[in-house]
Each structure stands twice: as C-alpha cells, then as structure tokens.
Amino acid sequence: MGIMRIATLTSGGDCPGLNAVIRAIVRTSSSEYGSTVVGFEDGWIGLMEDRRVQLYDDESIDRMLLRGGTMLGTGRVHPDILMSNLDRIKENLDDAGIDALIPIGGEGTLKAGKWLSDNGIPVVGVPKTIDNDVNGTDYTFGFDTAVAVATDAVDRLHTTAESHQRVMIVEVMGRHVGWIALHAGMAGGAHYIVIPEKPFDINEIVKSMERRFQMGEKYGIIVVAEGAAPKPGTMEYEEGGVDQFGHQTFNGIGQVIGQEIKSRTGYDVRTTVLGHIQRGGTPTAYDRVLATRYGIHAARAVHEGDYGKIVALNGENIDRIDIDDAVAELKVVPEGRYRAAAALFG
Amino acid sequence: MGIMRIATLTSGGDCPGLNAVIRAIVRTSSSEYGSTVVGFEDGWIGLMEDRRVQLYDDESIDRMLLRGGTMLGTGRVHPDILMSNLDRIKENLDDAGIDALIPIGGEGTLKAGKWLSDNGIPVVGVPKTIDNDVNGTDYTFGFDTAVAVATDAVDRLHTTAESHQRVMIVEVMGRHVGWIALHAGMAGGAHYIVIPEKPFDINEIVKSMERRFQMGEKYGIIVVAEGAAPKPGTMEYEEGGVDQFGHQTFNGIGQVIGQEIKSRTGYDVRTTVLGHIQRGGTPTAYDRVLATRYGIHAARAVHEGDYGKIVALNGENIDRIDIDDAVAELKVVPEGRYRAAAALFG
Amino acid sequence: MGIMRIATLTSGGDCPGLNAVIRAIVRTSSSEYGSTVVGFEDGWIGLMEDRRVQLYDDESIDRMLLRGGTMLGTGRVHPDILMSNLDRIKENLDDAGIDALIPIGGEGTLKAGKWLSDNGIPVVGVPKTIDNDVNGTDYTFGFDTAVAVATDAVDRLHTTAESHQRVMIVEVMGRHVGWIALHAGMAGGAHYIVIPEKPFDINEIVKSMERRFQMGEKYGIIVVAEGAAPKPGTMEYEEGGVDQFGHQTFNGIGQVIGQEIKSRTGYDVRTTVLGHIQRGGTPTAYDRVLATRYGIHAARAVHEGDYGKIVALNGENIDRIDIDDAVAELKVVPEGRYRAAAALFG
Amino acid sequence: MGIMRIATLTSGGDCPGLNAVIRAIVRTSSSEYGSTVVGFEDGWIGLMEDRRVQLYDDESIDRMLLRGGTMLGTGRVHPDILMSNLDRIKENLDDAGIDALIPIGGEGTLKAGKWLSDNGIPVVGVPKTIDNDVNGTDYTFGFDTAVAVATDAVDRLHTTAESHQRVMIVEVMGRHVGWIALHAGMAGGAHYIVIPEKPFDINEIVKSMERRFQMGEKYGIIVVAEGAAPKPGTMEYEEGGVDQFGHQTFNGIGQVIGQEIKSRTGYDVRTTVLGHIQRGGTPTAYDRVLATRYGIHAARAVHEGDYGKIVALNGENIDRIDIDDAVAELKVVPEGRYRAAAALFG
C-alpha cells in the first residue's frame, strides 16, 4: 500500500505497554510508510462518537513509552451497541479518511474487530490481556509487569512471614486463568499456588502448611489467583456478602482460604489483595519491547493489507494469526506446567 | 567499659532495617571494643525462655544488611507477663554473662526496657516503628521503605485512574498517625490525603473529587491512613462486620470512603489496601544507613555505660535521649505539615 | 504580601527533584496566595535573554513530580557575565512584572542569588546539590536518589564479586565531598570507602583486601568518590591522560586504585564508574517530599517578603537561613562519621 | 531411572538466575525422584579437584532463588586442561557416586559437556549467557535482568540529556552480539543503537544527532554494544591504549564514538559504561521463572536418561536439543530485527 491514514483505539482494562504500542504504530507508519495515525478516545465509544485526536510523530509520543495506562483512554461497550452502530462507525471512519483500524484490546475487542472486518472495515488487531490468556501468542504485554509487581510483593512478604511465623496469602489477578499466580509464585518461591484451572482442596493446602511448620519452617507463602475456586463439595463458599450494616463486603477467595487455614490450624494467617497496582505504572523493559514490536508489526500488517488478523508472539518472531484462532478459547495453564511448579512447593 | 557481652532482641511488628541494626551492633561491638553479642529469639519471650543464639562478626551477618524482617524473629508479650518474670530474666542474663541489653522495638518495647532499666538491668533501646510515631527522633528506620512502597503503588494507580476516569483510593498503614499517608501522598501527588490526626469530612472529600471532574481532570487519587476516622456525627461507620454467611469482613476505612464517594457521585471508585507489603522486604538505602547508625550508636552507648536511653536521629546526628521522653506521647503529624500538603491537593 | 508574580529558574547540574520544587512553587503560590509563576529557561542565561515561559497550575505540572531533570532546562554562566548583565536582568524582570525570583541551584547559583538580592532584586534561593555539600541544611534533594542508585549498583556487584572472587570498585559522584560514597558504602555493606575528605593510603586499602582474602572471604567491594585523592607522597597519580593514539583517556581515581590493587596483589580487580545514572531519573519518594517541601516554603518565604534567604532542612522542619551562611563553606563528611562507618568495613 | 545422585556446577561469567537453576535441580530431583544433588565449586576446576559440596533440599536453598551470582562459585579453564584430566574427572565422579552431571554455562561449557558426554559421562547441559547468543533457545536467563538494568540506566539518562541538551552514550554488554543493546535501546526509546552485527558508519550516527538538534529536540540517547565496530575504512580506531604515564587506558567503543560526535558537532557528549552492574544482583521475575524451568527440565532429562542434550526455551515450552545444535554458531540479531528497531530511532 502507499501512504495511509490509520486509526487506533484502546479498549477494556488498562495494561502497561498500551502507550508503547500506540507509539510504535505512529512512528513505524510515519518513518517506514509516510502514513499518519489518529486515535479514537475511550475505546469503541470514542469511535462511535467520533472522539478523534491526531497522533503526531514527535518527541511527545516518545515520552509515552514509559507511561502506564493509555493516552487514548479506554472504555467498555456491549457488543450489541457496537453492532447497532456499524453505519455510524463507517461514517466516522469515512469522514476522517481512515484506511484501516488497529484496535488494541482483549478478547471482546478482538471479536468486535473481527466482526467489523467481516463487515468491510479493514482491521488488524493487537491482543491485550494482562492475564496472558489469549491463544496463539506466547505472551501478551502487561503480563510481565503484573508478574514483576506481584513477585516484588511476594518477596516482601517472605521476610515478614518468617519473622512472625505466619502464613501469608497473596491474592493476585487472574479471573479465569492462573498465569500471573503461577509465574509470581514460581518467581517468588511460594509454598503453594492456587489457580482457577485446578479447583483447590483446602485440606491439601492446610496439610502442606502443617508439614512446613512440623519441619521447623514455621511460615508459608501462598499465591492465590482471584478466580480460584474450591473443588465442588469440599468447602462452603459464596462470593459477595453484605455485612450487618448493609455494606457490601470484599471477601475474596484469598481471604476465604486464609480464614479457613486459620480456623483449622490456629496459625497466624494474613491475606494481602494486590489489586490494581498490578496493572498500572511503567512497563518492564520486556513489556516495552514486546508492545513496541506488536505496534511495529501491526503497522506493517496494515500497510501490507493483511486484514482480519492479530499480531502474535511466536518464539522469537511476531506472526500474524487469524483473529478467530486467537479468540476461540482462553489460553489456560496446562496441567503439566502446574505440576512442574508444584514440585517446588516444598 | 572494657570488653563486654551484649544481648539484643527484636520485639513487635517487623520492620525493614532490623537486621541492619543487629549487624551494626555486632560489628561495632567487635571491631571497636572487642565485645561479643548474643541474640534472644522471638522478642521478650525468648529472653524469658532463654532462646539464646550467638551472633558472629562474620560474612553471614553482613548478608543480613539487605534482608527485611528480623533474623532473631519477633513476638509480642503482655507487660504484666514480662514484669512477673523479672527474676527469670535476670537469671538468664546472668547465666549468659550478659553485661547489657539492647532491645529494638516500639513504644511498648521501649517502656519495658525502661522498666528493666529501673530494675537494675543495663538497657539501651533502639526505637523501631514503621509509622514514624516515636517522639524525640526525626525519623525511624522502616518508615522510608514503607513510604517508598506506598509511593510506588500510588505511582502505578495514577495511570490506571486516568485511563479509566476513576477515583482510586489507597489505604496505607498508620493506625494512630498519618506520616506514611502524608509522605506517600505528597510524593505520589495525591489529590487528597486522609490521616488519623484530622478527622475527615466526607462532604469535603466528595467535593474535591467533583471539582476535579468538573475541571476536566476526570480522575482522582486519595491516600487514606488505616486509622483515619470521620468527624463525629458526619458519617455512619462501624468497623469489623460479619456478613450474612457469618464470616468476618474486612471493610477498612478506605473501602468505606470509597463506597461513600461512589454512592454520592456515581463515579467509578476502587480501593486498594496495601497491607503487609509496606513492612517487608529489602530496606531502602536511607533506612539501611539510618538503621546502621542506630546500631553503631547503641553499641557505643552501651560501652559508655549510658543506660536508660534510646538512640535518636536529631538532624544529622544520632543523639541519646531518655526513654521516658521518647515514649511519653506519640509523634503526630502537626497541623501545619498537613495544611502545607493540602495546598497541593488541587 | 498580596497576589504576586514570581519567577523561577534552575541552574547548574540537573538533579532529581527539580521539577517537584517547581511544581510546589507553582501550586502553593496559586492555591495559598492566588499568585502566578513564570520560569526562565536554561538557567541565568535564560533570565538574561528573557526566555520566559508561563507555568500553569494544572494537571500537566503535576505530571512533572515524577520526572527527573528540569522542565526549564539548565545552564552554567560565569558570575562576571551575570554581574555585567544586572541592568538587563532587572529590565527583563520589570518587563515581565516579576515581584520576586526563586533560583534553584548550587553554591554558585546561591551566591549569584545573594548578589542579586544585595542589588535590589527580591530573591529566595532553593539549594540544589546532589552531593549534599550545602551547609546549613541536613539534606538536599537528589542526594537520596543518587545514594539509592549507587547502592543498587553496590548490591548488584556484591554477588558478582563473590562468585568470581574479585575486588570490585565502584566510583561514585562526589568531587569535593564524600557523602554519596559514605552513604552508598554504608547501605551497600562496602568493605572500604574512599572519600575526598580523607586522603587515602593505598597500602591500607590493599591490606584490608588482603585481610579479607586471608580470612576466606575472597572478595571485596570498595566505594570510591570521584574526588578522592591519595595521601601526598604515597602514590604517583596524575589525572587526565592522553593515549598513544592522541585520544583523551578517562582513567578516574577508581581505576587508578583498581590498577594499584591488582598490580600489588594479583587479585582479579574490576572498576565500574557509575557516572550520570546517579543524577537522572525519577526521584525517590524521600526526594520528592523534600523537594516539594522546599518549593512550598520558598513560595511562602517570597510571599512573606523574607528575602536573601534559602530554605533549609533542619531536623523535621524547613527553616530559612541567610544565603551567606549556606555558601560560606562546603559541608564535608565529619571525621567521626567516617570513623563510625569504617568500624563496619570488616 | 530410579533414585539418582546428580552433580552440577557453574562455569564462566556469573549471571542472574544461576542459583534459581541449582535450586530447581535440587528440589525437582528430590521431590519428583527422591534423588540427591551435589555441587562442584568454582566450575570445571572444582570437578577436577573434587571440591564437592552437598546441596540440601531445605529452606536455605530456597533463599538462593533471589540471589544473583552463583552459590557454587565459578571459574574458567582451558579446554585442553579439561581434556587432559578426563581420568581424574571420571574418578572423582565415581568416588562421589555420581550418576549424571548438569553443567551450567556458556558456549565453552556446553562444548566441554558435549565432549564429556561423548567420552562416556552422562551429561545434560543448561545454557547460560547473559548476551542471549545461544542458538536454539529463544531466551537465556540473565538476559532479561541485564536488559532491565540497562533500560533503567537509559531511562535515567533521558532526563539529564534533555535538561542539559546533551548527547548521552550508554555502552552496554555484548561483545559479539547486540541483543542487550537492541532490547535496552528499544525499551528505553534510544535515538540510535549500535550493535556488533552491523558495523557502524560514524557519519550516519552524527547525521542522526544533527537532525534531532535541527528539529529542536536538542538531545540524544545512543545505546552502544561493547563489541560494536566501525565499518572498515570509515574511522581510525584502536583498542587498548596506554597513556603518557604508562597506565592502561579504558577507552571503549562508546567513548570513541562519543569523542567523534563531540569533535564533529561541538555538542556536549557524555559516555556511561554500565559494566558489571548488568550481570549481578537479584534476577527479574522473568529470569527466575525461566531459570527455574531450566532447572526442572534438566533434572527431568537426567532422570529420563536423555543425555547429550541441553534444555532450551522454544515459545512456551522447554525442549531438549542436541548440544551440537546449540553451540554450532552464535545467535545474532537478524537484519530485520535491527531494521524494525531503527524505524523508531527518530
């Protein structure tokens, strides 16, 4: 293709590296093809409502490389709303003279991109998930930063746990998959890791802690993914309570496991819920490189007219795969990976 | 004094820098005076039960400089128990040939040290409080590390808050004083800081957020000390609930403030409770230097027979002050310090 | 004073925290007094050449809190040039309607500020020195960040030195004073620290390393301030060479000491010169708080008409001291501080 | 295989993650197979001289996960010496009852391992190179940590360069390949990257800096791999000088490039040589996970009798490949990877 006018937007939860992707799209489009890039703010809603901003290939965009979050803002929108606005979207893209769209987002965003692609809009997607659950790509940017933040927390809790002879539980992100828990747990030397893919048996967790205390190593670190759940029938547990004052309560699975261990063993048990600090802030060098490479290759795919694809990390290379292949199912932690990690729980 | 045999112990909550203090006591005692040091494990209880370990002036103790927690373990004991065990304590110290004791701990530990000192045991105390609430000393080790961890969290939440147009609340440590909240809030550019010393008016907090959103800066960061409380009569609030399943709930003041802002404004509000990651892990360089200086000077005070004192940072110097002066009252955030910070809330 | 129009500028080497000072001046002036602030770019030269920029009390200035360097740029100018431009400076300040000037800089800048103050320009100075060598203030911002960076380097070199049985030398900043070397060396557990205040005896350094190797601790870490020098008559050494190709060479004192140890002992010795990474990048939380407090108090001093002063940290308080007192002489590492640190060299 | 007795050793330069590999070998061997592990100290020399230490599957080995360097020490030995000691090596392994050997090291170590394997010693190798130059594996542990340290330095230099309108050059590791320079340069937003694989044209580098200054972006960051070299005939340059005092000089290629830019443009140019801080210290979470996985899979390969192989990262999996394939040639930065990065130099 010749010189193009490209649009990009970020959708769904924020993720360290989004700005690095945008920067790489802008700079590659400019320096390799002489093309220009506009952004739509606040995700799909900004595309529907034409919240357009010009993105310039200058010093200011370079500065964004280090910044977490997204300079374009983000948002969520129901697919039905998007679909019912196809005409408006096409109109806005036409008005702005856009030749192709690069949406950056998770499963929902990529599916929407696919649907737009099927409906005549040239689309190349960039996968974004801090949870690392997109099929067809080895890693997604943001994941390494989340693991680094979670691992730093585990490192810090080790010494406290040991000094106070405590069991410390760290609840990390991961509603449907346990990649962050698995990696942060391995990196941090956790004594147990609980992931959604493998319903837990509270008896086994309790036993593993008791074994440590009996061996004289009187503390334990347990990393729990927020989406973990007990084996059916092994433990009473309901999410989302209301206290006697009528306020919503925030007991997550980490706290539930903690209470259970405490009541069964009498150990001093504490739970820390890491929450949003895992997804904000300056990306790690790894994530900046990966996000930059995604941006470079998305810009190239667009200029080569290779639509309906997403860019994906495959070993050392960035490949292009069909969006359908990427969103067909979640990438879960394989049984073997968990078992290998479990051999180190000790 | 000539060559001595010194004992040390750590008591109360753990704190980054405890090991640096112990190392400095051991090395200074050895290299400046030819003295030896033993540690009692698990705080006062270890002194009562004679859980004694020899501390060697070698490579292994140097390695502890970087480690959070305490190599001696820690514990809590009721003053009455301590007092009723005076004879046993004296016996244990005699048996071990101990000439002087250096307890490292917070208000309770220092008071106990004073009481032992009044009862004939040569004691020099080292103040330890992550909350920075000990009178008579500019700063205590561990505080800088806690502020650094909390500030890193605030930095990370900024970009998420901005990308999602959210109010993000960070609950930090500080049951009785707001030093960590004040410093992390100032360092992180928080838009509101809530501290125990100044009961908050929820209306004012809500208004400050509304002002930001009206000005187009559609996000906000609020740092809340865990011990913050509303002005009497301004807001219903009770701690420590139980949900409909009979489980203990964990709604802290940060979550209460968050719910209130959300229900009054409709903004997307999220709360992160930092918890234990603030008190563990490798101390900052600042805390390692301060802790090391405390240890050096405690060893010297002991060898100079200057008992009944604690070491304290006074500007650039480490002074010795009477334990009584240190524990008479908590060091709170002065009104003027808070007002100066508040001018930057914007 | 009522509403004012204030000017600020940054001069000399850059330093983490400069932007935090500027931000605090702008926000405090605006929110407490309704005043406005302009900046002159590139230090004194910008004042002479009227490179004026308006600084706004908005979101963008908040973002600068985390950024190293200075948003106003910096420069150096000879005092004679400044003095010969007094009329032009006054004219520029008059034209811009400036009521008072807040120069942020080191010894030279503060002296220049004093001279301007004596010549009728209302000036309040903010001391800036990464070396921590300004008299009358406990600490200056930037110093903590430099120590943190240097300490991180020392931490990293420890494991390499140990694995390879090497002597590792780290040359840190400090042309005239050894504060950074002293603190980074103490925090990092260095086995020897060499500072400008105490001319070194190479024999003593060599002996201390030999002692370690004989004791079986076959590695050593030495922290050297760039301005360190041998005791007169103890070692041949000249700075600033030229090699056989006519190129300038960069052998610093760290490398000289390294070569000497190597040739005398045969140990594997390596030198790392940290250089500029010590003075750039995001300030530590400590430096952000200190810089912010300096900015707040400089703005207040100006509004209270308290000219000819600098702001200075005194224990927990920010005081105002006469510029003359601050620049009379350098703040050096006292003999006692060095001796206390030396007791830990081991 | 049944229960085994395994030996391991680390050879060549140290690398963050070595201890994590050793820990994973010990724990996996113990918990999955009931096997025990011994280490030989100081690399191959320790194997020849039987410097054997038992490695226990306990708390103490878990602590090593975070530590840089190698708990076994390391060393270098000429292949001829190794080969002439085959009988002694076999004898030592026999005496210790060793069933298989896991050497952890770079190209030379792996070749030696292959030779031993060909000579009847059961060997599984673990590749170690901070430079990431081993063929057949996507990444090697230590590389991510080196890139993280180098990127942090680049981040810090950005603000200084900008504040002072300077060209800052960062010389990073990489004697034969430019992976660290490429990744740190991309992650840090460098304006030029110089790698060994692509001999540089000093005119082009100078022009790229001049372009920036002309565009008003009056500073530049250049990342240079230590092994970079000019295009033949374009620039006089000789390594390893001696100054007029007869001392060895340390002008690396970074300093040579810096001097050249300075003399041609008159810009303020500074060079920082990162050196050893890139290879020491706590590994990143990424490297801890990768190193742990290498250790797990090396232990499994040994127990499955799959000798003459090394473990290698292939996308998401750890594979086993023939040692010969790994050491046949260096993994260099492909032309396309460099060109993609160069499009962002700007």
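As written, the chain order gives the labels A, B, C and D, with residue 1 at the start of each chain.
Quick note on the criterion: a contact is a pair of C-beta atoms (placed from the backbone, for glycine too) under 8 Å apart; a residue touches a chain by one contact, two chains touch by 3 or more.
Predicted, not measured: the structure shown is a model, and the values here were computed from it.
Enquirer: Spell out the chains that contact subunit B while also contacting subunit C.
Expert: Output, common partners of subunit B and subunit C: nil, no chain qualifies.
Enquirer: Could you work out which pair in A-D, A-B or C-D copies the interface of B-C, where over half of the contact pairs coincide by residue number?
Expert: A-D
Enquirer: Measuring from the mean C-alpha position of subunit B to the mean C-alpha position of subunit D, what distance in angstrom results?
Expert: Roughly 40 Å separates the two chain centres.
Enquirer: In whole angstrom, what separates the CA-based centres of subunit A and subunit B?
Expert: Centre-to-centre distance between subunit A and subunit B: 34 Å.
Enquirer: Residues of subunit C that contact two or more other chains, please.
Expert: Within subunit C, the residues that touch at least two other chains are 152, 155.
Enquirer: What kind of graph do the touching chains make: line, ring, star, complete, other?
Expert: Looks like a ring, each chain touching just two neighbours.
Enquirer: Within the complex, which stretch of subunit D touches subunit C?
Expert: 10, 13-14, 18, 67-70, 73-74, 149, 152-153, 155-160, 162-165, 168, 236, 238, 241-245, 247-251, 255-256, 259, 270, 272-277, 279-282
Enquirer: Under the stated contact criterion, what part of subunit C meets subunit B in this complex?
Expert: Contact set of subunit C toward subunit B: 23-24, 27-28, 31-32, 57-59, 62, 65-66, 138, 144, 147-148, 150-152, 155, 183-184, 186-189, 217, 284-286, 288-289, 292-293, 296-297, 314-316, 340, 343-344, 346.
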